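Both of the next two complexes hold chain A, though its partner changes from chain B to chain C.
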Partner chain A sequence: MKVLTQAQLNEWLNHLAERFTLAAPVNVQGKLLYRQVDDSSGIAWGFERTDMSPKTWTFPATEPILIIEQGAETRLDDAPAPAPTVVFGVRPCDARGALAIDALFLDKEPSDGQYARHREATTLIGLACPQMWDSCFCTVVGGAPNSTEGLDLLLTEVDGSDGAAYAVQIISEKGEKLAAGMPGEEKGVSLPKPRLAKGLPTLPASQEWKAQFNETFWKQVTERCLGCRACTFVCPTCRCFDVRDEVVSRQPGRTVLQRLRAWDACTSAPYRRIAGGHNPRPTQHSRLRNRFYCKFMYYPDDFGPLGCVGCGRCIEACPVNIDILEVIAGVEQLAASGSS
Partner chain B sequence: MTHSLPNPMKPHLATLVGVRNLATGIKLFQVKIDDAEVMRRFDYTPGQFAEISAFGVGESPIGIASIRARSEAIEFAVNRVGTVTETLHRLDVGDKIGLRGPLGNGFPMEQFKGKNIVVLGGGIGGAPLRPVVQTILHNRSDYGKLSIFWAARTPDLLVFTDEYDEWRAAPNTELHLTVDKATPDWLHKEGLITTLVEEVAPSAENAISITCGPPIMIKFAMLSLQKLGFASEQNWVTLEAKMKCGIGKCGRCNIGDKFICLDGPIFRFDQVQQFLESFV
Partner chain C sequence: MSALEEQIRSAARQYLENGDVSVVIGYERGPKGKVRPAFVHQADDAERLVWSPECNLNLVTYLHNYKHSPRRGVPVPRVAVVVRPCDARAVNLLLHEQQIKRENVKVIGVTCAGSEVDGELRQACTVCQERVPVIYDVLVEPEQPVEVPEAQDDYGDVAEMESWTPGERLEYWAKEFDRCIRCYACRQACPGCYCFECVAEQVFPHWTSIALELPEKYFFHVMRAFHLAGRCVGCDACEVVCPMDIPLSKLNRMLAKEVEALFGYHTGDDPETLPPLATFSPEERLRL
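Our next item is the complex of A and B:
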């Protein structure tokens, strides 16, 4: 396996930054976000879990999906193509999050053209987690701190003779292409085993969730939800969106508009409200329940993967301490008590 | 992943070729897609919808109100209730809009052949049912008795009033009108559509029903039909929801694990009853 010293990795990343848009975890006023870096010195080395997932690079929070020009004639054009991008330092859970979105946006017809362009333009370089951190539960939902799923390359920190070194696993064709010309040395190296969290619940199967849909448990667990949407915005698999138009420029006889899509959240009250006022999901408990059911029943039943990768960000982000692990444990308990 | 995937969120550019008032706050728009070849191939069945763009505001899912055999243009009845529909109402003949579609599943009109058909339309809910009525009238001998129950809150909100004479005159066809609140010149029934349906009491034998209206109307219409002996499997409903993409991506129209835009908007009522969540 190829092993890179920290200096070699820096050199390689600097080289990539010349050829691609290079995104990596950056400390932005105390928050760890995937941002474009000019070279490896901007990377927040030693980071644990980032505050936002790298989803922002393949499914941006807001982006144009259509350009509309109104003048003597009206023209409709696709939004500009995304630039070739390498995201470095992707945690294995987040790469599985990308696969979950792929299952709906790419595999389920009709494919989402704009998302496909992003995915095609983007290469994901993973960085294995040495351990599960507070709130991490990737192992509950089928992942692992060193999972290669969805990644193009996976780097694992190993003991070097002189500081940090990284062992390189090539996962995909795209990764192989990117790794051509990578510095480093071929070495026999054994990858360290990540430290796993203990005492986590077992995820009930989707039919168990189905059976508990009308339990009063949902009212209790969601009573304090503020509908702030933080959980959905930090989530690497949440993919609901809103669409609206915006004026780019307005001149006499010529107006340029863009149609934007922006992240949206099923946990907010106006999400389902139709013009005229009817809201088929009128209570906060029905809205938050939908988020959990989407992740653990609808998504796996309809598209294959679970809609949760166990990153734990929603646990950290929730201002009223709603804990998805407690929800999972609660459903597990209801199922065990045979109330189904 | 292929490189040249089309953008399913990109509408066809289309032109309004006709606009007329249909009822208070409701206009009928006749639309032609600018690309003649796309327009020629634009094939749709009753019950399907399209996402209509008012450029600068956004899109709304609107049921198609016409059939190809009767109308060269694609017709939409638009109720002015939100920002997109408000903007559409300000447009006129020659103005450009965007159109994506046809979307959704549509009514299985083939399967309805030979059956007696009971149609219940409430307010703007009559719009996606007009193609059902037109299809039956256009192929009159293929279907059994047609009983149309048409309702609105007030007489000025009834849609397609200029077509009632044709419907009444068609063989083996009845039209029953009612409004929640009559005006002095109203010659027909006053009261809820469910009351009228129970009064007329169409037979459930070899029949199916098709209902479109506000959720509360669907709920009570199903109870009335049940009283008349209609089983859930005989009742078809068309549901509406807020939608952004219309192609099962944006997440907005799910009821449990079903998407109204993809799995619907047409459902047999027994399917609706199995939804994990209530649709009302």
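Our next item is the complex of A and C:
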């Protein structure tokens, strides 16, 4: 396995930054966000879990998906193509999050053109977690702190003779291409075992969720929900969006519009409001419950993967401490008491 | 259990046992020990309620969930709510704005020694002189009186920003709003933000783009601050809940200071004086 020293990794990243848009965890006024860096010195080395997931690079919070020119005739153009991008420091859970989004946007026809272009243009370099942090529960939803799923390369920090060193696992063809010309030397190293969290619940199967849909449990869990969108926006798998055609410029005889897509959230009241003002999910209870059912029943039933990778960000971001692990444990308990 | 906690629990128990209210809104501890809002429906459950300086939200915001009758023929629910002095002024705000009826709300007022965020006393609490809520049905008091800090310039914290040029302010807020994700946690946590349809989300007319980018964030936060001028009670719940730690209280306090200077009005101090933007007096013209 190839092993890089910190200096070699820095040098390689600097080289990548010249060829690609290089995104990595950056400390932005105390918050860890995936932002573009000019070189490796801008990276928040030693980061644990970032505050936002790298989803921002493959499914941006806002982007045009179509350019519309209205004049004597109407012209439709694709939105500008995304620049070739390398995201460094992707945690294994977040890479599995990208796979979960692929299941809807890529794996089922019709595929989402703009999302496909992003995925095509983006290479994900993972950084294995040495341990599960506070609120982490990747192992509950089929992941692991050192999972390679969805990544192109995975770096694992190993003891170097002189400070940090990184062992490189090449996962995909894309990763192999990127790693060509990477410095470092071939060494026989054994990868450290990550430290796992204990005392986590077991995820009930989707039919168990189905059986608990009308339980009063949901009223208790959701009563304090404020109806904000924080949990869904920090989530690496939440993928709902709103679309609107907005005017970019207007001249006599010629109007340019862009079809804009921006993140939306099922936890907020207007999300499900339909023409005429009717809202099929009229209560906060029905809205927040939907978020959990989407993750653990609707999405896996319809598209395959779970809609949750156990990053724990929603637990940390929730202003009123709605804890998805407590919800999983609650459903587990209900299922156990129902079947006994 | 502290003396405050015991009094809160006993008040909650009594209200529920007597059938005065159907729910008591207070705080409990979550599975990892974090303090969070609690809704107690049964007298036996009152034991869940806790009180500590970590109780830093404004629970009055939940009263909006109980304003209406749930079904035809069912009366508007009666609710008890645990408040700090700043939160209590939000009760007055909602009374002014005719959002709630006094007889439907029981106020459990807590003598406050200040709230903490991440183990540190909230900036506003370091200068706050209020210890006893301006409105309550039950007053929760500690055994020892709570110390009041010496009076100092209430708005010392925004003085620096006032000295900035508009350009400098723009630059400062651009940097802060840069990491806003437009999650609306600030709005949802605010007892004064209760429009059925927020300007930021209105479709007809479409005031602002759906984009989650800097111009929209500016629009949203500045619009929200203006809509709270003379209405913000300074509880800082917006800032406390912000997942991106944006110092939103600074915006609100700048405007609160203006309103105080122009109209001599401090939000929610008493249930009679109407907020300046809800009334009109001919003298105002002269003062402006």
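The criterion applied here is as follows: the second predicted complex is superposed on the first by the 337 of 340 C-alpha atoms of A that agree within 3 Å, B and C clash if a C-alpha of one lies under 4 Å from a C-alpha of the other, contacts with A are read in each partner's own complex, and residues count from 1 in each chain.
By our rule, contacts are C-beta pairs under 8 Å (C-beta built on N, C-alpha and C of every residue); 3 or more make two chains touch, one makes a residue touch a chain.
Quick caveat, the model's predicted, so the values are computed rather than measured.
**Q** Let's test your reading of the overlay: on chain A, do chain B and chain C clash or fit side by side?
**A** Fit: chain B and chain C sit side by side once superposed on chain A.
**Q** Tell me which partner touches more residues of chain A in the superposed arrangement, chain B or chain C.
**A** More residues of chain A are touched by B.
**Q** In the superposed arrangement, which partner chain does A:Gly71 touch: chain B (first), chain C (second), both, or neither?
**A** neither
**Q** Who does A:Lys31 touch here: chain B (first), chain C (second), both, or neither?
**A** A:Lys31 contacts chain C only, not chain B.
**Q** Kindly classify A:Phe105 by the partners it touches after superposition: chain B alone (first), chain C alone (second), both, or neither?
**A** In the superposed model, A:Phe105 contacts chain B only, not chain C.
**Q** Once the structures are superposed on A, label A:Gly113 by its partner contacts, choosing first (chain B), second (chain C), both or neither.
**A** first
**Q** Report for A:Pro84: first if it touches chain B alone, second if chain C alone, otherwise both or neither.
**A** It touches nothing on chain B or chain C.
**Q** So, A:Gly227: does it touch chain B (first), chain C (second), both, or neither?
**A** second
**Q** Considering only the touch criterion stated at the top, classify A:Ala317 as touching first (chain B), second (chain C), both, or neither.
**A** Second partner only, chain C.
**Q** Which partner does A:Arg244 reach: the first (chain B), the second (chain C), both, or neither?
**A** Once the two structures are laid over each other on A, A:Arg244 reaches both partners.
**Q** On the overlay, how many Å separate the closest CA atoms of chain B and chain C?
**A** Least C-alpha distance: 6 Å.
**Q** Determine where on chain A the residues touched by chain B overlap those touched by chain C, and list them.
**A** 242, 244.
**Q** Which bits of chain A are touching chain B when the two form their complex?
**A** Per the touch definition, chain A meets chain B at residues 65-66, 68, 70, 74, 76, 78, 104-106, 108, 110-114, 116-117, 119-120, 210, 213, 239-245, 247, 255, 257, 259, 261, 264, 266, 271-276, 278, 280-281, 286, 290, 293-294, 297-298, 301-302.
**Q** So in the complex, the part of chain B that touches chain A is made up of which residues?
**A** 1-3, 5-11, 13, 53, 55-60, 81-83, 85, 96, 98, 214-215, 240-242, 244-245, 247-252, 254-257, 276-280
**Q** Once bound in the complex, which stretches of chain A touch chain C?
**A** Chain A residues touching chain C: 28-31, 33, 51-52, 61-62, 135, 220, 223-224, 226-230, 233-234, 242, 244, 246, 260, 262-263, 265, 268, 270, 284, 317, 319-321, 323, 325-326.
**Q** Chain A touches which residues of chain C in the complex?
**A** Touch residues, chain C against chain A: 30-32, 34-39, 57, 61-62, 65, 175-176, 178-179, 181-185, 187-189, 197, 201, 206, 209-213, 240-241, 243-245.
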